[in-house]
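In the two complexes below, chain A is the common chain; its partner is chain B in one and chain C in the other.
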Partner chain A sequence: MNEMMARILSMGVSGVNGFPVHVEVFGINGIPGIEIIGLPDASVRESRDRVHAAIINSGRSMQPRRITVNLAPADLKKEGPAFDLPIAVGILIAMKELIPSENFQQENTVLFGELSLDGRIRHVSGALPMVISAKENGIQNVILPSSNAQEVSCIEGIRVFPVSTLEQVILHAEGKEMIEPQEQTTYQELRREHPSTVDMSQIHGQKGARRALEVAAAGGHNMLMIGVPGSGKTMLARCLPGILPPMSFEEALETTRIHSICGKLPAGSGLMVSRPFSAPHHSASVAALIGGGQNARPGEVSLAHNGVLFLDELPEFSRSALEALRQPLEDGIVSVSRIRHQAQYQSSFMLIAAMNPCPCGYYGSSNHPCRCTPQEIRRYLDKVSGPLLDRIDLQIEVDAVPVQEINDSEPAESSACVAERVARAREIQQERYRGTSCFCNAQLDNESIRKTCGMTKEASALLNAAVEAMKMSMRAYNRILKVARTIADLDRSEPITSAHIAEAVQYRELDQKYWR
Partner chain B sequence: MNRIPEKQICEAWLACAELPSEVLRALLQLYDGARGIYDRIMFQKDSLADFLSAAQIQLLLAAGSQSRLDRMAKLLNEHHIHTLCILDDDYPDSLRDILDPPGILFWTGNLACLQQPRRLAMVGSRSASYAGLKATERIAKELSRKSVVIISGLAYGVDTESHRGCIEGGSPTVAVLGCGLDQTYPEKNLELKNSILQHGGLLLSEYAPEVRPIGYHFPYRNRIISGLGCAVVLMEARIRSGSLTTVDHALRQGKEVFAYPGDPTAACSDGNRSLLRDGARFFTTAQDILSDMNWLDNLPHVGQNSDCSVKSIPENGAETAVYKALENGTLSFEQILAVTGLSSAELSGILTIMQIKKMIDPLPGKKYQLTH
Partner chain C sequence: MKQTYETGLTGEKTAEEYLCGELDMICLERRYRNKCGEIDLIMLDQDTVVFVEVKTRRNSAPGEGLSAVNRTKQTRIARAAMIYLMQKKWIRRPVRFDLIEINRNEILHIPDAFQPGGQFYC
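Entry: the complex of A and B
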């Protein structure tokens, strides 16, 4: 019998989910070569050259055989270089260059990893969803690149063998030199001090904006900041992930999964413990924001899942891109459909948008004349009116801080202090919304606003007076109530008082000034 | 069988040629109105070569055809546009006296509001500062409450706020356009145009229907705005602003000019300050104008709340602190925080309440000022 056969388990990724792939290797006498079938894409097909070189550079020989590699199930598209390792091991076993020992449970071990020509094993994207799926399929062992090991170290109930060369894998399979399975870390351990990049204490002045940011974080409200260039809008937005409550393990898994399949996790990094902050440029296309491309990849809204999506220069985004944000803002999920792929990605994020008050940026600035005509200003502002604004609860103005104030001011409160108050307010909300579909004030619909936003008599009178005096719409009325609910929660007060309403009214700047 | 069309149609026809207004006035005098001129040109085939160029007579001949006249009649009818000739008795006297009065005027709305003895032209930049706009609206409203008719040009910025403030104060307002009355320029002000008419105001133009808003119409039209007012109030203008042409007209017409000082450091009102240096009347409130114009006694007024706005006073310690801080001028949110020592949550609340009480105005850039 000259025919040789081997079957190795591996994993592929579709959407955010992994699926098992059986790598079948069949060798026979004939013209030497490797043929890969089972809907491989270009990077999978190229793997035959990498595998060939890696096998030889790992000290094994490659017999001149006709080898067919089948990736089953054959009707799902396979992509990426992660199949290099299982193909190489499959070929070695099929050609009897590697005789697996008893301890190497071939049927119960998943392998994946990219091979370099010299036999080293490189980082792959999507390790986390693959390992999660392997576990769900009852598999107990995973052999993966050592640079991916941290990423999956929190997954319980599966043994992870990090490897860095093909030779290690061969020796391990032969039982000659066993690799130690990686020790598990708990999520709590992983979540040790992870300082966010910008701390609130670095922001000078801006007491009004800081407070608004705190309110936004406490209620999960979307926020729009308007201000002259250099007033610190971007810096404020960057502080937000640091004052939001820490991610739960499930949230961290969801977020890391999406980053993992996009290859956005740097090699050697573990589960994402701090909330993501995604800031696409305003030239971003719909596909870049929402997801798409040939393989229906996740877009920026999904990379911001459980975190913050920051859109700077909001009116400069194309109208279609802004319109496309409506579904994720509403449902927290996006469906991306392409000819070959269909995927749903989670995308519940806090939207923080920033814009200038006018095209030149200096309308209302005290030390810079504005050169825009009223028509230009109106046209600029009109670009973001309507349904998108409808989903933004807080609209605040941010003024530039004078230089001497930056030097004089004493250090401001740190993110940690603010985060503590935010976390308390969130707890109150969780308690209140237990058993319902929403978990923070921002998600209240008109019906539940009436149920949960009980006001004192004075508060209700004040709100009516404000809406009347400032000629606000019904839409603004509900937004103010929602924000006032959050302010009351920060204050740990059950009824909404007039002080809460009065403060909330100040976060509707646009209704008062520009949009008229 | 050839009948001369009725007076309104003839006047509209004559206006189509956009003749220089001295020629137009001379012709009207000579032939005793537009019908006479029509008769002369269309029936007696007189080319009036002493007055008109070949091109002008061609224009008039073409516009005099029956189909064109029918069309004009339809337009006048549709938009309720009427005409006035300088020979008419109800031609506004204030215009008759100016240097270069329009020979023919188109109007729609309530012509009687020009009879009101208290009339002010309010002008200023189309891209005025937010503070300037707020001040315009406030002063127009207070003047309007004192039965002053505000005349302006329906442009963006100061013009819009003047009309709006006047309507809110209850008096009718007059807009003088630089295009045919069937057109709206700028288009976004259609709503304002309708609201002027709804509130008993008047639209005026010396241009026939279908005449487009062309750049040079506007400075020329400004002589009508200043002519109709007893005085001109300049709210905000840069040194080279077009609004200053209205002031020039006013000076030539021998009218008083009021100039609002604006923020002394802001470039957007340097035109005002240069006028003030040259001797324009200084004012910061409607009261200043009323007393300078000797209009302090109350006229019977049809508007709703006839007494001047009741000014609220601060009611508690925090409000007083904010009020005191703002007494020295515009401050930003952060500056008020620094002066008063309040927390930003507290200050937000106080500002809302003071806004509702109309004690302060919010300005762009998160700044606040006291209402005057």
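Entry: the complex of A and C
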């Protein structure tokens, strides 16, 4: 018989999910050549040259045959170089250059990896979603590049074989030199090596802003900082990941998945343990923020999933980019549609925005004159629309730090202390919202606000007076209540008192001052 | 012109002697041509049909003649080979494309030098 056939299992990625791909290899006599079918993109089609070179450089010969490689299901697009390894192994088995041993469960083993010309196996993107989906499909073994092994080390119930050369895979499949499956690590172990971010102790002064940051972190509220240049807005924002409560295992999986398919995980890194902090430049397009491009890639809002999206110089962003943020802010999910791809990406993030009060930056500053005309200021501020502003619970002014405070030798409170209080407030919220769909105060809907935000008599009177005086809307009223709830949680007080309301109202004054 | 023709002819002779003598192949055709192109030598290596392109150089660096067989030339050879195989009803035989460079007395033989692939499927 001169026909030769092999079938290997691999994985492709579509959106944030993997899907099984059967790599079928058919060899027959005739004019020699390799043809890859099944909707491959350019990088998959190029894989024939890599596979050819890698096989020869792994000490195996390649008989000149007419080879057809089919990637089934044939109606889904296949992208990326991760199919190199299954194609190479498939060709070797079809040509009888590799006789798999009985221990190599071909039907129960997923392979993926990019080949280099010398037969080494390189890092691929999307390993985590592929392994998760392999597990969901009941596959028990995965052979993947060793640089991707750490990324999936927390997944239970699947044996992971890290490999670094094609030769290793061949010897493993032949049963001559078995590779040891990787040992599992628990998420707790990973979390122990917590990387440091900017610490709050490095920030001098700014008592009010620090407090607002703590409230924002404790309740998951969005925050806007308005201040003169150099007052420390960026630095404050960078502190935030350090004081947010650590990600749960599920959150870490969700976030790492998105970073994995974007290829943002450096080779050899494990599951992400610290919350992402994404700070796109203000020239970012809608597609860059929300996601898009030909393949409907995730954008910055999804990269910030479970973390912080920091928009510095808010009015400099294009109007359309800012308006596009409204849906993910509301729903925590974005759907990106392109002609060939549709994908839904999670994007529940905390929005932290920073801006100057006017084009020159010094409007309202205590020690610097502003040289903008009222029209200029108006135009500048109007770039931030009402609906967007409405979704920002905390608005604070950050003024320049006076000289005596810079020289103040007394160190400020460290992130660790603040993080502890934040974590405690979050625990209270988790307890309260057990069994509901929300995790923190920022996600409360109107119905549950009435249930959970019990006020004292004085507090209620104060809030009514404030709403009356500042002519606030119903929505603003609810927002103030949510922030007051968070402040009360930080205070570990069950009813909301007038002090809590007073503080919450003060975080709402800015849109009265600037946008009226 | 005349001289070039003769150089080519002696080169092909040397190549044939080498393939038959050293590698035990059997010569099927010399200077086979049809309307699609021509093939210098068609050999039989056990059961593999081998199409050989011979490049003869009198004075040049090794490998220089081989690089003259570019994609266009490869396609021409493959197309001619295809017709030959169809005429012989040999389309399901193992097939290979070799290159040989004769540089004075040096012989450089490259088995399976190129795989034309795709468009020649049938």
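Quick note on the criterion: the second predicted complex is superposed on the first by the 496 of 516 C-alpha atoms of A that agree within 3 Å, B and C clash if a C-alpha of one lies under 4 Å from a C-alpha of the other, contacts with A are read in each partner's own complex, and residues count from 1 in each chain.
FYI, a residue touches a chain if its C-beta (ideal position, glycine included) is under 8 Å from a C-beta of that chain, and two chains touch if they have at least 3 such contacts.
All of these numbers come straight from a predicted model, not from anything done at the bench.
Following the overlay on chain A, a side-by-side fit with no clash is recorded for the pair chain B and chain C. Once chain A of one complex is fitted onto chain A of the other, the partner contacts of A:Asp118 are absent, as it touches neither chain B nor chain C. Between chain B and chain C, B contacts the larger number of chain A residues.
In the superposition on chain A, A:Pro357 makes contact with chain B only, not with chain C. Contact with chain C, but none with chain B, is seen for A:Gly30 once the two complexes are overlaid on the shared chain.
In the superposition on chain A, A:Asp390 contacts neither chain B nor chain C. Superposition on chain A places chain B within reach of chain C only down to 70 Å, the least C-alpha distance between them. Note: no residue of chain A belongs to the chain B contact set and to the chain C contact set alike, using the contact criterion stated above.
Chain B makes touch with chain A in their complex at residues 126-127, 130, 156-157, 186, 188, 267-268, 332-334, 337, 343-353, 355-356, 358, 362-367.
Listed in rising order, the residues of chain A touching chain B in the complex are 205-208, 210-211, 227-228, 357, 363-366, 369-370, 372-375, 378, 396-399, 401, 405, 462, 465-466, 469-470, 487, 498-499, 501-503, 505-507, 509, 512-514. Across the complex, chain C meets chain A through its residues 78, 81-82, 85, 91-97, 112, 115-118, 120-122. Taken in their complex, chain A has these residues touching chain C: 2, 28-35, 63-66.
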